[in-house]
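See the structures that follow.
In what comes next, chain A is part of two complexes: it sits with chain B in the first one and with chain C in the second one.
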Partner chain A sequence: MTMLERYAIFVQTLLQKGLPMTLKLIGASLLFALLIGVVFGILRSFKLPVIDKILGLYAMICRGIPTIIFLLFFYAYFTTGTQFWIAVLAISLVEGAYMMEIVKGGLLSIDRGQWEAARSMSLPLTVTIVNIILPQVLLVTIPALMGQIVMLVKGTAVAATIGCMDVVRRAQLLLPKYSYPLEIYAYVLVIFFVMCHFLTWLGKKLEKTVVERIMGEVNV
Partner chain B sequence: MRNISKKFGDLVVLDDVSLDVHEHDVIVLCGPSGGGKSTLLRTINGLEKINGGEIYFRGTKVDHKNLSSVRKHIGMVFQQFNLFNNLSVRDNLLIAPIKTQHKSKEEMLKKAMEELEIFGIAEKIDAYPHQLSGGQKQRVAIVRSLMMEPDLMLFDEPTSALDPEMIREVLDSMRRLSEMGMTMIIVTHEMGFAKEVASRVCFLENAKIRVNTDTKSFFENSQDERLNQFLSVILHH
Partner chain C sequence: MTFSWSILVQYWPRFLSGTLTTMKYAAIAIVFAILWGVIIGSITFRSPKVFGPIFKGYVTFFRETPLLVQMYFLFYGVSRYVKVSAGLMGVIALVLNDGAFIAEIIRGGLQSIDKGQSEAAYSLGFSKFQTMIYFLLPQAWKKVMDSVINMLSIIIKDTSFLMWITIWELTYECNQINTYSYNPTTAYLVGAAIYFVLFLLVQGVRRLVMRKDNREGVRAV
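Right, the complex of A and B next:
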């Protein structure tokens, strides 16, 4: 391959055509997954009998089956709807389940005594939640959520299976034209690695900021 | 001020229990575990609901409508301290007066420093709970309650989670409080402390108050057999 061809592959096809789709997949899936995670996570923390059982079932199913299976299932089931939204549905449901458990765990890890002390001082509920409970929940859930976000980013790669024109799919389509699969996939690898590593780095920075702002200095 | 309370069965945790508290009283609730002492204490500020009977605070009956405002006059100190972990000592102390009573920050800060000074932990004002020892945490908890200028303070086994060296400093702080005239109800196993500081002592067992009398009679003239059994075990450990 010539350098020009390499440029065409890497920059023009993969980056300029494929990456926007990948980013859209990530963006949409992340939004819905977080929504599901936060809302249902809070709901699960109340431990209401019926709702908790249903959500527990949801968690069990979505964490026990590979995302790609859901993807293929929905693709076969939905006769209308674009591949993009089917992929987003599958990924959000699965990642959302994990995030729900993370949020729930974070909320339940808050010692009951924090609530009792606030109640006994007649602190308004909003003040209690915003100033006392929420910061402590964030402290616990942000590291775990950042990890889950990286998993989500990696998970979007399955969308190529049903034809979404993301980085992975575009790379696959280039293979017949240029017989250097190793090199082409290497570019895909680099793209994902950069994204994930950036997120991990961001996560560590965020964690540090959160800890410092919420707990003063933590003497390790 | 009179805090008359009558509580009936909470399942079978409290069975027709009555207690009168007068201003400046220091009442100690003692007895074997599971006897109902902590539950009784927690019904006073509404952390436990009662199934029967009434609680009166300063002559007015306490119900779910006025519970919120009644709580502002009652302070509570917990066995597990329950300081807000994400807030500094300063913020722990200031959050309630500022957010509920809307007092000025400077005024409250000044008061906070004074109170911390009295209890010997003024230098810790910028520390976080995880940086404090158990005894220090409990003293901060005491000052945190004092910031609201309560009429009554409740203590739920305040020294039970402390190492022996730190129990002394917390008990001394509580003694100082009683000397300042605070009305206190204390659930504790520290009978030596009770003997020296309490004005009345109650013995609770199996959901009932068996003895409720002034300190002298409690320790010296007790007629109740179960109490004598209890005292002989606990005073000689």
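Right, the complex of A and C next:
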């Protein structure tokens, strides 16, 4: 393979054509997954009788069934809609369930005494939530949430299997023209690794910042 | 499109063979992934001079790249130079990927053990290897068993990726049945239900193991 071919494969096809689609997939899925996770996570922390059971079942279904089944089912079932939105639907549905569990766990980990103490000092509700509850929730959820976001980024690779034109699909389509599967897939692996490693690094940094802000420099 | 029992009955043999293939690959991958994870986890915990950074790099890389692309890389890329069957390549991909996750779990468990344990073992004349086998790993295993069993259900889910490297497992059969019968609801709902039953089985095993563990804890106290 010549350098020119490598340039055409890596820069012109994978980075310029495939990566924007992958980033769009990640952005849209992340938005909806976080929305599902935060809204239902807060809802679950109230422990409402019936709703809690339904959401628990939803979480269990998403933990037990592969994303590909959801993806292929939606792809076969919905006759309208692009591959992009079908992939976003499947990925955000599954990852949203995991995020819901993380948010719920974070909220439930806070002792009721915190709320009561804030109330006994007659702090307004907004101050209680913003200054007392939220920092503690973030302390617990940020490491887990960042891990889940990395899983989501990796999870977007399955969108290629229904024909969404992301990095993986572009790489597959390159194979008939350039017959170097080892190198082409290695590029894809590197692209994903860079994205995920950046997110992991960001998560560690964020965690450190949050800990510093809440607990002070000494405990870092 | 509604659920149809006749399609379920008609294609039941295909569902069954798909389930058996999935279970076969899941069982093999689980056994080797745990073994591989324990070995790699102990090595990265000790962090020897040369192999430490190498295996740490391996764990980081495999944890932060998609399994699907790893499988494509191994099946379409590496298979060209090394002749192995699709099934073996799939198992290798599963073991390398999920083994890296298990290794990280095991390493975390080993790190949470008090240093005094290994020091005590050294002072009694046990070698490094013996300390790891007889003292550290059993203690770490008890701590991380819950996470490892959780990984088992993830491995079962991950076997669905094998369909893209020409292995006729459950998801592939569901896809085929959908193509033949034009009824996605039946095809995928049955597949999803079978995966869910496997998931519940793993959860049952987890509950059983945890209860036994608790009983032992009580007896020890």
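Points to keep in mind about this one:
Methods note: the second predicted complex is superposed on the first by the 218 of 220 C-alpha atoms of A that agree within 3 Å, B and C clash if a C-alpha of one lies under 4 Å from a C-alpha of the other, contacts with A are read in each partner's own complex, and residues count from 1 in each chain.
Assume a contact is a pair of C-beta atoms (placed from the backbone, for glycine too) under 8 Å apart; a residue touches a chain by one contact, two chains touch by 3 or more.
Remember, predicted model here, so these are calculated numbers, not experimental data.
Three-chain overlay on chain A, with chain B and chain C fitting side by side and no clash. For chain A, the partner touching the most residues, choosing from chain B and chain C, is C. Contact with neither chain B nor chain C is seen for A:G56 once the two complexes are overlaid on the shared chain.
By the touch criterion stated above, A:K154 is placed in contact with chain C alone, chain B being left untouched.
Look at A:V127: by the touch rule set out above, it reaches chain B but stays clear of chain C.
Put simply, the three-chain overlay gives an angle of 100° at chain A, taking C-alpha centres for chain B and chain C and rounding to the nearest 10. By the touch criterion stated above, A:C196 is placed in contact with chain C alone, chain B being left untouched. Contact with chain B, but none with chain C, is seen for A:L139 once the two complexes are overlaid on the shared chain. Once the two complexes are overlaid on the shared chain, A:G81 sits clear of chain B and of chain C alike.
In the superposition on chain A, contact is made by A:I65 with chain C only, not with chain B. Look at A:I214: by the touch rule set out above, it reaches chain B but stays clear of chain C.
Once the two complexes are overlaid on the shared chain, A:G27 sits clear of chain B and of chain C alike. The superposed arrangement places chain B and chain C with a least CA-CA distance of 21 Å. Residue ranges of chain A in contact with chain C, taken from their complex: 60-61, 63-69, 72-73, 76-77, 150, 154-158, 160-161, 168, 171-172, 175, 181-186, 188-189, 192-193, 196-197, 200.
Of all residues in chain B, only 45-47, 68-69, 71-72, 74-76, 78, 80-88, 95-96, 99-100, 126-128, 130-131, 144-145, 148 touch chain A in the complex they form.
Here chain C touches chain A in the complex through residues 1, 60-61, 64-70, 72-73, 76-78, 80-81, 153, 157-158, 160-161, 163-164, 171, 174-175, 178, 184-185, 187-189, 191-192, 195-196, 198-200, going by the rule given at the top.
Taken together, the chain A residues at the contact with chain B in this complex read 111, 113-114, 116-124, 127, 131-132, 135-136, 139, 214-216, 218-219.
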